[in-house]
Amino acid sequence: MVDWRLYEPLINFARKRSMWIVAFCTGCGGIEMPPLMTSRYDLERFGMMPNPAPRMADLFLITGYVTPKTLKRIIITYEMQPDPKYVLAHGSCPLNGGIYWDAYNAIKHLDKYIPVDVAIAGCMPRPEAVMDGIKKIMDLIETGKADGWKRYKENYEYYKKNQDELFGEGWREKTARRWIPWLMGREKKREEE
Amino acid sequence: MKMESVKIAPEEKVRKKPSFLKPWMSLKYLFKKPVTIKIPYEETQIAEKYRGFHTLNWKTCIGCNMCGQICPARAIEMTWIEGEKRPHPKIDYGRCTFCQFCVDVCPTNALGHVEHYILTTEWKDEELELFDWVPLPEEMVRKFSDYRHPLAKIEKYEDGRVKYVLRDGSEFEFKILGYGLKPPAAAKPKPAAKSAEKKEEPNPGEKKE
Amino acid sequence: MIETALKALFILLYATFVGFMFMGIIRIVTARIHRRVGPPIYQPILDTIKLLSKKSNITHGLIYDFGILYAVGATILAVMFIPLGSIGVLRAYGDLILITFLLEIPMLGIMFAAMSSGNPYAGIGAQRALLTLLAIQVPLGFAIVALAEFYGTFSTYEIVMAQQTMGWSIFHFPLLLAAIAYDLVLQAMFGKEPFDIMIAPGEISLGPMVEFGGKHMGLLQIQHAIALFAETLFFANIFLGGGVVTAFSSSILNTIAGLAVLLVKQVAVLLIATFMGAIFPRFTIDQAAKFYWKWPTIIAALGAVLASL
Amino acid sequence: MVTQEELIREARENGMELLPLEKDTYELFFGPQHMATENYSLILKMDGHRVVKAIANPGFLHRGFEKLAEYRPWHTNIALLLRICVPEPDVPEAIYSMAVDELMGWEVPERAQWIRTTVLEMARVSAYLFWMMGLSFKLGVYTAGQWAAAYRERFMALFEELTGARVYHIYTIPGGVRRDIPGDKWLRQLRDTVEYIKDKLKDFDNLVFENYITYRRLEGIGVMDKKFALNEGVTGPNLRATGVPYDVRRADPYLLYPELDFEVPVLKEGDALARALVRRFEFEQDLYILEQLLDMGPPSGPYKVDHPSLKALPRFRVPAGDAFAHVEATKGDFGAYVVSDGGNKPYRVQIRGPSIAHGIRVIEQLLVGARLADVPVILMSLDNCPPDIDR
Amino acid sequence: MAEEVKASWSKGEEIVRMLLEKAPYAEGTVRRERRLEFKVPADRIVDFLRTAKANGFELLLQITAVDWLKEGEIELVYQLFSISHGTHAMVKTRLPRDEARISTVMDIYPVAETYERDAHEFFKVTFEGNPKLEMPWILEDEDREVGVSHRKDFDMLGYVKRKYKLLDRFDEDKENYVI
């Protein structure tokens, strides 16, 4: 049996230098992602790249405000990611509502629904500020303090309660079935004729 | 469907010819210098008057609440501070959109802004307190030239005292009496009610975790 | 016996390491064309370590696990058959058709796994992979036939040896045609534009790979590295003269020099693929099939006919 | 686990008609977690790799701007409404300001008009670069996309210098603009940037717009004809690609556009290639317009209306009435309808994003019969911007 | 100055006259250059729009609903644009607030389907004949059930407080605000 703890520094180094990002623009901060990912600031220097599939992604960037409709998908996507996974929340909106503090369709406190590791200020944050947040996450990973995914497992009841309170019980099934009648609609008419 | 005075581009100018060989021209960039700015190792130049964090001249602020009225996000809350005659704005970066209309409307130019824009914290309640502050005077913020938020920590005490620890270790301490436009509970006569209100304030933070 | 085992181990380690370096080279060169700095060359290794160290792993059943192992196994087997300079484990049995087959079947393994995951994107990706596989068969077959006709043998090792006396294959006109066709086919095998149809991040979210995460993806990365090595090695062997050096008196020096020569040739093959990938958009699957059945097929068939004359 | 029988029973109880999908078709949820759609979802019914039916599912970015605007003072709404169009936030600013100007009866000073026109054109150029990036990424020429994103940064820097923010400029306000041009240095920088981008446009031509495979990918997909486009309310480059020379800058001139010289590109085919070429040509024209503006030079004078009500912004009131203003954005006709009841907050603000026409019915109809690989390309060639739809 | 412009745009007067000849039930004015305004009774809107489309108003840019709470009416503004005349036109019609029903204009401008879905979702205007009104649009089902709308009597702040419980992270009672 190998003692994996010996390799912990190496593994943590690999984790911190190879964070793959879920390609999910959840809000307006998505517009600052292209400069960050592409030639201008080139996050690939740190091995970060947007990954289309959540199954192999590590870092979830909540780019700005989150509407309940998106939050449902965020939660599902977040749960699809394999552990360990990290969440970076951009700007004011996930923190305290931002300019949408009184909007009926924007989440005010993201940490009630999924755990967040790092917050950055700005509306929207400049790429440099996002970089600073990523640097912070890297530091946290190195010291083993980025434990959002552990918290999600431990306090699952708390998060689930909040989610259910917001969306109503059984929201996953409901969302999945919502479109079925409309996908079928036309076929049915044809059969009747 | 004719419109007067529309200059329509000739079609051959709009069209292009497909080619197999031209794309290979772009390989010349293989040997050119990358355009990448290597943040965080390389400093980027921030424009002058970039709309970053606020500053507040505590002496000239007259507590008129113009900033609170114009704020689209209701990020500004008037705060009564011991020793100050008029309330001062407290700005919540969990709401602020950095539009700086508040700076524009300030009648005495007490509220200003600097270019500093970086504030990164771990998502812990005690660290998130940094997002909610009464802005410091400009020279205290300008001291730091790396575009970061000047505060390292905000310590809150039971009796409403608040201690700002700056990143260079210096401290800034004051006592919050209450919030709102009116002086909190006639300032002096009923300290009991005040403290009750204030006790409530740090509580939600502790309760949650 | 032990010597053979050691050789096999060496080939495996060397192939994995160099394969990862190749992945790094691809990423850096692409980044430079993009006018950016790009990741360090060892980035793919870090990615793989990270993927293998994931704490949770999702599996969709036996086939899902088996498909990946199948892919990795087939790739390793392919590497063993290809002569690596003067080192070779099974090179005596290194039949052209066998190696070509072994280089293709990893795709089948990935497809099994992808299909069993039940994700529609993976299903579409698998379909596309299958069609690509089908499309590249024709030019590939003609290219192989051209080689076999020209040299009168199916053995890779013999072809390499024959090239030492007759000069590289690409200096003979019929085989040049075959090489061009084979290079276009390689583009699809590497999964580079314009034939990265089965991955297509912007369309079907990585296609077959969409459900893989954690250790499965880590294994796939290793497979990808070895496959990259094997494919470039095969091309360098049959068209670019292989890596047989006899200039030095010491056999070890000769071997090392042979490996170095091979490496240079492999990188050249890789760079051409990278360049092509950087400047061309992706075809759709029907266009790609039509393309493969048209130009590369004609070129390769012409090569085969000329070679047999 | 729920068995299929249970599902069917439950669906029947709830009045849902649950028919088995036809044997050889399947559903595909395209987005929102997908690289090709920015937080916008398409529900596709697929037969092999052909789309049989598409349903657009917007609303992931809905924040209720039109309601929120009724709760905020007139000026403050600028900081809110510009979030409707993220790639070119100056457009909502400009239309809202133009509508309020009309309600106030203000004639904006010449210098402010010049600055507004310049800002709008810069926004157009940077939005086109952003679109180029999107198209290249969806086509698979990542090189061009990376370049476009990098070159766009030059405009971001200029915006930063001028307005004080990179993306959300909050710059155009009713009655003019918020601050003056920072000086001649900025103008010189702008000219340099225009020259630079003009030079780099050749590379984009080589790589994308004259690439053989681009043509193969774009030709003949997503074809609209003139009648269809007009019926469906298609505007902007998408409409011009079908042969209608409708450009708001000419059809309903605003700001300095009557004085500027530019050509409106028109193509007949109406397919994705025509749309891409029209956009490319407009990009060139925008650079030309910027050059003209620079040659013209900013007129001297104040940069905003001198009006006492602008001194106390929270108490800024607008006389009752309604106004409609629209400008030509890169995506199409962007309009704002503002109603005032005389108070210090708008009574109703409605923003008309071009994508509300492009992103729902047009997409649903264009996608029928398209290959799956064409879906992202069609989306991108229409330049669909989800926040416009959701508001 | 604005008056002069209005008077001088004779082309607009001509368009209005031409349209009103064909649709005598409507009222039309020229607001300023390239801005026309028509007022049409709600039951004739289909006829009017059909006439307008036949006479060069090709584009329907938007259908805006405005809730006039005091009058108890909902105003629908059809924003038309004529490429051939180069002018914008608002076609206004008023509906009673309690029973906002109007027939759809989908068969004239197919794009109206989208706009009508939008107006139905946020202003509860029923467009008779539009098959997709009940289809999920922007709001989620749970929001629709609670009756989220952009009508003036929808208490947004109260709803937000009910839905998200806590409004402010740093300060539980930010009621102290004065605006």
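Read from first to last, the chains carry the letters A, B, C, D and E; within each, the first residue is number 1.
We adopt the following convention: a contact is a pair of C-beta atoms (placed from the backbone, for glycine too) under 8 Å apart; a residue touches a chain by one contact, two chains touch by 3 or more.
Bear in mind that the values here come from a model prediction, so they are computed numbers and not experimental data.
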Leftover contact groups, counting everything except subunit E: one piece
Touching both subunit A and subunit C (chains): B, D
D-E or B-C, whichever has more C-beta pairs in contact: D-E
Longest centre-to-centre distance from subunit D, chain (CA-based): C
Most remote chain, CA-based centroid, reference being subunit E: C
Inter-chain centre distance, subunit B versus subunit D - centres from mean C-alpha coordinates, in Å: 28
Where subunit A and subunit E are represented by their mean Cα positions, the distance between them in whole Å: 37
Intercentroid distance (Cα basis), subunit B paired with subunit A, Å: 24
Residues of subunit A whose C-beta touches two or more other chains: 38-40, 42, 45, 52, 69, 95-97, 99, 101-105, 123, 126, 179, 182
Subunit E: positions in contact with at least two other chains: 58, 83, 86, 136, 139-140, 156, 166, 168-170
Subunit C, residues touching no fewer than two other chains: 31, 33-37, 201-202, 205, 278-280
Complex contact set, residues of subunit C against subunit B: 29, 31-37, 275, 278-280
Residues on subunit B engaged by subunit A in the complex (per definition of touch): 34-40, 44, 72-74, 92-98, 117-123, 128, 131, 147, 149
Subunit D residues touching subunit B - in the complex, by the definition given at the top: 72-73, 75-80, 143-144, 150, 157, 160-161, 164-165, 168, 170, 178-179, 182, 203, 205-207, 209-212, 214-215, 244-247, 250-251, 261-267, 277-278, 280-281, 285, 312-314
Contacting residues of subunit D [partner subunit C, same complex]: 26-28, 34-36, 46, 48-49, 136-143, 146-147, 150, 207-208, 211, 213-214, 216-217, 371-376
Interface residues, subunit C side, partner subunit A - complex: 27, 31, 34-40, 43, 46-47, 49-51, 53-58, 201-202, 205-206, 209-214, 217
